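Each of the next two complexes has subunit A plus one more chain, namely subunit B in the first and subunit C in the second.
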Partner chain A sequence: MKRHLPESELARDERFRRNKIEDQIFDPRNIAMSTRDLGPAQMAVDRPAISERSRSLMHGIFVGEIQALEGAGRTCYDFDDADAPFALKLDMARQCWDESRHVEISCKLAEHMGSDIGEYGESTFLYAAACNPDPVMRLCGVNRALEGLAIDVFSSMKAFGESTQDPILTYCEDWMLADEVTHVKMGSDWLRRLTDTDPDRRERALEFQRTVDKVFSLGGFRGESEENPIQITRRFRELAGFSTEECDELAEIAAQAMEDARTMVAAAAAAS
Partner chain B sequence: MSTARAPFAPWDRRELPGIFGVEETARRIGNYRWTEMRLFEALGGWVATIPELDVKMVLGRHCYHHAWHAELWTKRLPELREMNVERMTQPANDEMVAFVKALTEPEAPELTIEKLVGVYRVLIPRTIAAYTYHLNGTSAITDSPTQRSLSHALQDEFEGWRDGEMLLQSLIDAPDKVERAIRRQGELEALITAAGGITGPGSIGSQPAPEEATV
Partner chain C sequence: MGTITVTPDPFNLVEFDTATIRRLVEEIAGSLGLPTDVDISLTVDEAVPHPIVATMADVVDGAIDLWCTGGCFEARDKTRAFSERHARAEITAMLLRTRDRLSGGFESAPSDAELLPGERTAWDCYTMGRVGALGHNVHRQKRRYDFRLQHGFTDAADAAFDRLWATPSTTWGAIREVCVETGAADRPKPKLPADLVRRGSRV
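== the complex of A and B ==
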């Protein structure tokens, strides 16, 4: 088996359909969507089409967990002990187990919410962030950026479960949230350890994290206003090793991503 | 008449000595650690190459179990006067290296049977055998810490073997797949037999010659 498996070679059964990120971003329906006033975007029971939205999000979580499992597994395999010490691989193996459980949980939750495997498409850009050839970059991109996003998503879904009085959803999201805080903390700890004597490498890794954070803010998907479906969860991020300044920076990145998306949509509308 | 109790209770049948000295124990544990590391790395790497969702999730779980076994051996080695864990973490011999290379070779998504046969019908049974031999042969008094780790690891190995075997039985559902599984097992059995098992010749002891055998 070769090291470093590209995202195009991820193995799936026939139920899965892969989407390209650029197709989602440049979907012409986005223009029409942007002109509709749907009120606050947060996950709430009175939001239009909330049932469909929550099922779609749950399916996204499901495929995201599969890719997180695959990414952690590849980090166990892709590096020599010199590049990734045993203790780091042990943490990644532990993360494999955790992500396996998350796949199981989200699969059952999707069914609970009336969805099914393959009902929605799969974008593999989460795994793409796990393909970086530098293990420190991977940890920043996956454990700090993406698992950090998972903290935000699970917190929002847990709140949604509480607001809809769904004890199954609330219970499961709470457990997954606990694991994600651990994973982000792993990333924060390893970033410090592996770059202790190499500040340039640390800065490159943090820059990669900012890039991934911006991509995953998805033009307003995440932020701190009521226009963002997913809310940044500062308390759990701080438990996982984020400083207040880092949380502030993430909020700025998310706000910028939303502004960029508005500009793009306006430009597209003007051109059409 | 003294009422002092005997130092060992009547049901305590632990004996001295065991059949392994400190150095031999460290050598075997170094081989165990090397093997468990190669196994958890491969299981982690394979997760992305396997399309069957149930298999993918089981390998994710087992990946950690074997990494944890490697961690058990990482902690035990320095207690055996071998302070350099990395130096002691070695394959039993070149044949064992060749076996692991062949074991981890399959990559294509249609080769799930080949991947699982290697792990669950060849390597795990050999690991269970070697661990059991060690568990039964070492002294429960002098080497109790190793026994305890072996017991924990064996519990996982048995459960992992059962998970893997059941997955295989569900995947092998046609004559051509039976052939594939048999062929793969034969290829790998030849290699690990040449290695003598995961700790080399004597992995599970050796049978005495007929004239040496006593009743």
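== the complex of A and C ==
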């Protein structure tokens, strides 16, 4: 079997359509939308198009779960024991089991919310982060950065489920959230163990994590204000091995990503 | 003979064709038996992408005034592309609601900007049930979830949904009774205006 499978070779059936990230980045509507007032972006029942926004977000999470399963599975297989100890691969195998369950939960949740598998396009950027040839980078990019983002998303959606008294959404998010804390903690633990005697490698891995965190703060998607639909969840991140300083740093990265997006939009508007 | 106007013409930010949309409006208005002497104007806010889907359907000075976000007509799996399937369903829903306003028991209903979320989702439920019965693209569970968000995740709300979905005819008064029955009428008034997205398009 082939090692290091590129995202272009991921197997999908005819229900799935892939989105190109460049289509989203260079969408000409972005500039016009940046000047619109749609109210606070945080998920709440009185926000515009809240049900379709929730469905679309949860479908994005569903395809993210598939890719997380694929990424953890690849890490079990892509490396020799010298690069990735057997105990790490066992953790990744356990994560595969969790992600499989999350895919099933997400399918049931989609039925509840009224969406179909493949209804919305799939972006494969999570799996792209899982293609790094260094297992430590993968753990930082996927387990600490992207599974960390999953903590924020599940926590925000759980709060939305509680506010609307939707028991199915609330429980689905709570169960998945519990697993994500474990996945992030696996990333934190293995980062420390594998780079214990190599501070340069640790710093490179943390830098990769910062880059992924910035990309996935998506110009204001995540943060700590009402302007951000997804809230940074400090409590669960601390349970997953993040220090207070690391949480502060993430909040700063998210704020910077939002500011960068505003600057880019202003520059594009001035140029048009 | 009334006129049909679709704005913008042409579309600049999305791959929509004004003539195609105008043809759809004309065809659907005819099939629903709307009076032929009524003017219809449809404004599509092309800057607003999926998943921000919002529509407004009013009758102003005897003319039909429709507005929707571009996201309503956008293919779900291809950015900026037109989906005739979604456009047909949304245009049918908007025109059915204006037909209700003209002569279908909703003559006393307030404008869409003044509707409360519970009232709007109940009316949408009645509308989408009819759109589905006409053979268009309607996802019943999607609509049930929308309804539950505003009326509660309860057996009473589900029973009201099923009733509204199946009925061939109801009135504005009955919609308000449903809101009382499910408790939606007792919910606090939303902080954001119902036409928030449309207001943005006027900037």
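In the analysis below, the second predicted complex is superposed on the first by the 272 of 272 C-alpha atoms of A that agree within 3 Å, B and C clash if a C-alpha of one lies under 4 Å from a C-alpha of the other, contacts with A are read in each partner's own complex, and residues count from 1 in each chain.
By definition in this document, contacts are C-beta pairs under 8 Å (C-beta built on N, C-alpha and C of every residue); 3 or more make two chains touch, one makes a residue touch a chain.
Not measured: the values here are computed from a predicted model.
Annotation: superposed three-chain arrangement on subunit A; subunit B versus subunit C shows no clash, the two fitting side by side. When the two complexes are overlaid on their common chain A, residue A:164 makes contact with subunit C while staying clear of subunit B.
In the superposition on chain A, A:51 makes contact with subunit C only, while subunit B stays out of contact range. In the superposition on chain A, A:133 contacts neither subunit B nor subunit C. When the shared chain is aligned, subunit B comes close enough to touch A:78, but subunit C does not.
Of the two partner chains, subunit C is the only one that A:118 touches; subunit B does not reach it. Contacts of A:23 after superposition: subunit C is touched, whereas subunit B is not reached. When the two complexes are overlaid on their common chain A, residue A:11 makes contact with subunit B while staying clear of subunit C. Chain centres taken from Cα atoms put the angle at subunit A, between subunit B and subunit C, at 120 degrees to the nearest 10.
The gap separating subunit B from subunit C at its narrowest, counted between C-alpha atoms of the superposed chains, is 18 angstrom. Comparing which residues of subunit A touch subunit B with which touch subunit C, the overlap is empty.
Subunit A meets subunit C in the complex at residues 17, 19, 23-24, 27-29, 32-33, 35-39, 45-53, 55-56, 111-116, 118-121, 164-168. The touching residues of subunit A, when paired with subunit B in their complex, are 1-3, 5, 9-13, 66, 69-70, 72-78, 81, 86, 89-90, 92-94, 96-97, 99-101, 103-104, 107, 117, 127. Partner subunit A is touched in their complex by these residues of subunit C: 12-14, 46-54, 69-71, 76-80, 117, 139-146, 148-150, 152-153, 190-192, 196-197, 199-201, 203. Taken together, the subunit B residues at the contact with subunit A in this complex read 37, 40-53, 56-61, 63-68, 70-71, 74, 86, 104-107, 109.
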